[in-house]
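In order of appearance the chains are A, B, C, D and E, and numbering begins at 1 in each one.
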Amino acid sequence: MTLTMFTLNAFYGLALAMNMFIIASGLNLIFGVLRVINFAHGMFYMFGAYITFTVAKTWGAPFFVGVLAAAVALGLIAFVVERLLLRHLYDKEHLMQLLFTFALVLLMSDAAKMIWGTDQYSVGYPPGMGGAVNLGFVMLPQYQLFLCVVGPLIAVAMWFVVDRTRWGRVVRAATQDREMLASLGVNVPMVYAAVFTIGSALAGVGGALAAPRIALVPGMDATIINECFIIVIIGGLGNMWGSFLGALAFGFVVQFGTVLAPNWQDVLPYVLMLVVLIIRPWGLLGRPETGH
Amino acid sequence: MKYSALLVAAGVLSAGTAFAQQAPIKIGAMYPLTGGGAVYGVPAMAGHQLAVEELNAKGGIMGRKIESIERDDKMNPSAASSTMKELITKDKADIIVGGLSSAVGLAMSEVSKQEKVVYISTIPKTIQMTTDKLHKYVFRTASNTDLEGDTMAMLAGKNKLGKICHLQLDYAYGNDLEAGILKALPKYAPDAKVVLTLKPKLGATDFNPFIPQVMAAGCDGVLSGLWGPHFVSWVKQAAPLGFFNKIKWISGGEIGSHEIAGELKAEYPDNVISNTYELWYTANDPSHAAFQAKLAKKLGTQETPQWAVLGYIGVMYTAAAMEKAKSTDPDKVAEALEGLTIGTPVGKLTIDAKTHQANIGQFWGPMVKKPDRAYRMMEPAEYIQPK
Amino acid sequence: MSDLKVDGIHTAYGLSQVLFGVSLEVQAGECIALIGRNGVGKTTTMRSIMGLTPPRQGHVMWKGQDIARLGPHRICRLGIGFVPEDRRIFPELSVWENLDIARRTGAGGRTTWSEEQVFALFPDLAEIRDRRGGVLSGGQQQMLTIARTLMGNPELLLLDEPSEGLAPLIVELLQQRVAELKATGLSIVLAEQNLQFVMALADRVYILEKGEVRFTGTPADLQADERIVHQYLTV
Amino acid sequence: MPQRRHLIASAIIVLLLALVPLAGSRYAVDLTTEVMIYALFALSLNVLIGFTGNISFGHAAYFAIGGYACAILLTTYGWPLALALPAAVVLAGLVAAVVGYFCVRLTQIYFAMLTLAFAMLVWGVAFKWKEVTGGDDGFTGIKMPAMIAHHVGYFYFTLIVVAAGIAALWVICHSAFGLTLVAIRENSQRAGFIGVDTRHMRWAAFTVAGTFGGLAGALFGMYHRGMYIENAFWTESAQVLIMVLLGGIYSFIGPIIGAAVLHLLQTFTNQYTPYWPTVLGLILLVIVMVLPDGLIGLARRVKARRGRS
Amino acid sequence: MTAMLHIDGLWKSFAGFVATRDVSFELLAGETHAIIGPNGAGKTTFFNLITGHLRPDKGSVSFEGRDLVDLPPQKIVRLGIARSFQRINIYPRLTVFENVQVALIAHEGQQWNLFRPGRSLHRQGTQELLELVGLAPEALETAGELSYGKQKQLELAIALASQPRLLLLDEPTAGMSPQETGETIASVRDIVKARGLTLLFTEHDMSVVFGIAERISVLHHGEIIASGAPDAVRNDPEVKRVYLGEHGHV
């Protein structure tokens, strides 16, 4: 592999990692606080992409208005779902929550078909991001550079909100002791609703940001959800920096793995998860679940 | 005018009374209507329905009404196999048409062999269906990977590609198409050399591991089978690097269709030569305009998708074969299909008696910008039909 | 009229019933003590008042309103603060963060307690404000738990076994602090096993045994009756 | 004596099923065959879920291994059915034992994700090992012994094998082993403290589940005369998981009912609308919100209410 | 009498908090011994160290001369130590009968038997145990639906099923009504006597402790501060101090 190729692959691995991180971080946030494994997260991602398509292409609004619309719409959907249905399931078995989110996947897939039909769509790059930057020995696409900036920005923003704001402190406290938090006057159910809303909005943003790079088709939710799970699991469930690390591992393994061992590209993410779980059963930065 | 309208009405009326007397002919149709395959399955089913409506308006087949029984094949071979059995054993379908993916096509062919019911494969292209796994009851009205590969090799020669990068999806269709191209390449382009072969996975959305390799390989052109969303994603990721400035893209997988061009609009790249089954703006047959107008009306859009014609042809062949056999008996219909020639919106087609493969051609040509259109069109569009 | 009136509450965890008709009253500014050995229902009484383990029967009246069916955050916002026995510091949060999440204007706009005032009451906490809750010593945790609850500006403090597991010196300090709190007019329900602590602070005592109130009176009454002490409190 | 009552009921059901082909509907025969195979598949998974309390996201792997192995041995190697079928089942069990060894070291979601990863590896092998499995074209044209080539013959063959399989699972689930598994599910810590090595027991349960899943897969492949990589995909694992949950995990026959209801519902819905996902989604919502014990739980509750009034 | 359980210099701390501090302790064969102390004194931790649920940081535990440190719980129980738990720890969806039956199956090493119907095994032994703890009438009820006190009794039966020589009971009467407490204690005392068991238990209810314990140890801040006959412990000034507050006077 020449230096140019190596640089390019490393860059692409990073770009992939960042796009995946944006999506996976929402899944991870929801798991960390609510302990709910949200299978519908991939579907939220797909809705995010489709909504961006409708707003930015059909209605002709600027791309970033589409991204915002995706975030708001997904947040709204998630909020309603949480308040009406999900909140009744926190005390039930994990299996029931799993089935519930799976039911969401099925219902939303048909809803998407009714709203958008079965055509494939694409969204244009935002102005000024459709080209590449020439560094002499290598060309880097602008939009992917943009993703490489947005990913860490979102990570830092999440870190800032979770670590440095009062609301973030409340969220962290909610992962540690729900009951005590309620005794201190915090409306914990609303914190849960907010976390589910934000986590889902992140999936929407992830889909919106992916939209210019890929074709939008029915079924685009299916692989993304597995990949997000893999990232969250190998990073350590509930750990934000774990997900960041997991996304990086995923991005580089998939990028370099596909180049070096194209025959294995279909199962590379699973092999990665297999190796990590056998060596570190609770993920790279995870801790053993207590009570076992 | 009035007179002819009256005649048509009378015809319908008389046909209507005939319907009441005889049991309908049942055509089972299976296309993917949910999930990723629905992109193709839904328009194909629309074409299928159009044909059935049209035939019924004319009095059906042999004066018997057609009943179309439509099912989702779910792009899952074993589910499709069960559904097809159900169509045959419960609904007593006389014939089955449809399928999309190779695996589903082969699974349906297997059921057809077992149950001795004719299956007309309208989209799956896998070569095995009409070679190794050919049997009495399976027929194909779609193109196949050998025909497509042959044309692509011819185009490679015509465009004088010296160094070729080969890009196929890593699954049955891609592998078969690759074989088809390699078989034909020495014939058309004896000096051409394949310098790189890459196979992204089916369903891939990220082509970054492949794009730099192709660009670094120094080839004049790419021979590709990246269809639909794969092509769109490739374009999105490769175009910013100036990929299409230098490299000619000769592609199967029907990416010269309006569905793709109309969606990518200005982002559709230069230097692409591809194929499509049907073009709403070009015709090689007089009946085409009528077909296109009806389809446009049914779908409520002037610019129609290409897959509908395949669903349409499946039904037309069914009708012709039954009329010829004067029976719905599968053995007789199968015999009738062998060597049968019919007129279709894309011209006269003949099913080869030995291979059960129709000589369906495709429109091939470069995708060019048009001043009055927001999207690219194929021009000149050449209908290339296998001999 | 009393601020808090607990009237015949029966409380159970699943199948295990702990309280069998406990009643008690707290006047404004008063400190009452619940005493008794481990497992007699002191903590459960507090959890019932706070809405954490709602009673199955009976009423909890707070300033005339029945709060027995309200959620804990509503009860907190009505002016009742809970200092649990096992402290329940948020271990991953710093001392300051533990305080910050509890910051709240009290019922009726009370703003008696701010960060500065809390730090003034517990100067030790100011020194360790950036330390993680999980690494504090028992005494520091106890101070923090009380400080944290004060940040919500409560009118009534439920103080569950504050002296448990603390060194004598710390207990003494704590006792002073609680006395200062009482002097500000805060009502207090104190659950304790440390009799000395109780005697110094409580206006009235309730002795619990097996989920029932067995004795009510002033500390002086209790002191006068050795028999009761031996029956309910010693080994 | 409940034991005898169950035996008689089972015998009656088997007899009734044996009468299905006499009704003359080819469709009914096929549909019943499919339901029986899915019932065995779902039951095998429930050894792991209902009896041991471990959720697997990758049970399709063993189904596929059994199916492919049987198909390949019959067709490519021309083995007789009497050898090919047992060999396929043993192979599925062996792979389950190897995979299980790693998986049972983890619990809960980590366990589930590890089973998924291994299953996707099996899928990858079926996909890539084209010379042997046919890759994504599928392995079609399975050579069937003449005796069971006809659909009625195959129906009776399936009936016998599935009945035997279910009987074997019944014995295992109700054995000392099975009872101990339930104890592990109910309270794994307590089980450890009556002297049970819970990890080894879970490993054994994993292997048993894989073995019988393989048997169901072998029957499935022969029924369709083909195996496809989709049969090893995670969606297939999800489907059987839903069957189990729909029926109810806390009873032996729950998964049988779940398999029958889901498969029939899916088949019939598909005849009327392509919006099958909506139907299934709504059914799942109902289960989650009001029927956490599945259909069997509902039946029990109804019965209990009747008994009271 | 010889020492059955021998503990020497045991330490255990959690994130800086010392739960067990240099505990040395001997349990004589056949004695009934109570461990008491205020909440948080480290009683449950102490039990968990003996039964293998926790690993000590330092020190040794030996049972009848065998070192227990590093043995997993299931091995320890096979040596003849059984325990009940402070929180209910049964199999809630199994019947009462099955709860005990499983324990007998495990004790006999029959959990690997795939063919013998589980329900037919040890019917008599199960019945006897249920009669012993007074649960025979509820044998066919679902364990999770029993009253709290009866679930505690069931736990005792499960513990007895492994034919222990040493029985550890963690707060056997916690959460019971006074009447249930009396019945439970009477039955425990009878069983221990009848079977010649060694009993080590923790308890808050002093009437229970002084009713049956032959020796008492007081745990405070992870340390044993007193150990001996009931009267001696009752009059120990240090114990009084711990129970009535640090200054120990009223």
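The rule is short, and it goes like this: a contact is a pair of C-beta atoms (placed from the backbone, for glycine too) under 8 Å apart; a residue touches a chain by one contact, two chains touch by 3 or more.
For clarity, every value in this text was computed on a predicted model and none was experimentally measured.
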{"item": "Chains touching both chain A and chain B, listed by label", "value": "D"}
{"item": "Chain at maximum distance from chain D, centres defined as averaged CA atoms", "value": "C"}
{"item": "Distance from the mean Cα position of chain C to that of chain B, given in whole angstrom", "value": "77"}
{"item": "Length of the line joining the C-alpha centres of chain D and chain E, rounded to whole Å", "value": "42"}
{"item": "Separation of chain B from chain D, taking each centre as the mean of its C-alpha atoms, in whole Å", "value": "37"}
{"item": "Residues of chain B touching at least two other chains", "value": "33-34"}
{"item": "Multi-chain contact residues (two or more partners), chain C", "value": "none"}
{"item": "Multi-chain contact residues (two or more partners), chain A", "value": "109-110, 113, 222, 263, 266"}
{"item": "Chain-to-chain touches, reported pairwise for every pair that qualifies", "value": "A-B, A-C, A-D, B-D, C-E, D-E"}
{"item": "Chain B residues within the chain D interface of the complex", "value": "33-34, 71-72, 76-78, 81-83, 85-86, 89-90, 102-103, 106-107, 109-111, 114, 126, 128, 133, 171-172, 175, 202"}
{"item": "Contacting residues of chain E [partner chain C, same complex]", "value": "15-17, 36, 38-40, 88, 146-148, 151, 171, 174-175, 177-178, 204-206, 209-210, 221, 233-234, 239-240, 243-250"}
{"item": "Residue numbers on chain B that touch chain A, as the complex places them", "value": "33-39, 41-42, 170, 198-201, 203-206, 208-210, 212-213, 216, 228-233, 236-237, 239-242, 259-260, 263-264, 266-267"}
{"item": "Contacting residues of chain D [partner chain A, same complex]", "value": "55, 102, 105-110, 113-114, 116-118, 120-121, 123-124, 127-128, 188, 234-235, 238, 242, 245, 275, 277-278, 280-282, 284-285, 287-289, 292"}
{"item": "Chain D residues touching chain B - in the complex, by the definition given at the top", "value": "25-27, 30-31, 34, 135-138, 140-141, 220, 224-226, 228-231, 267, 270-271, 274, 276-277"}
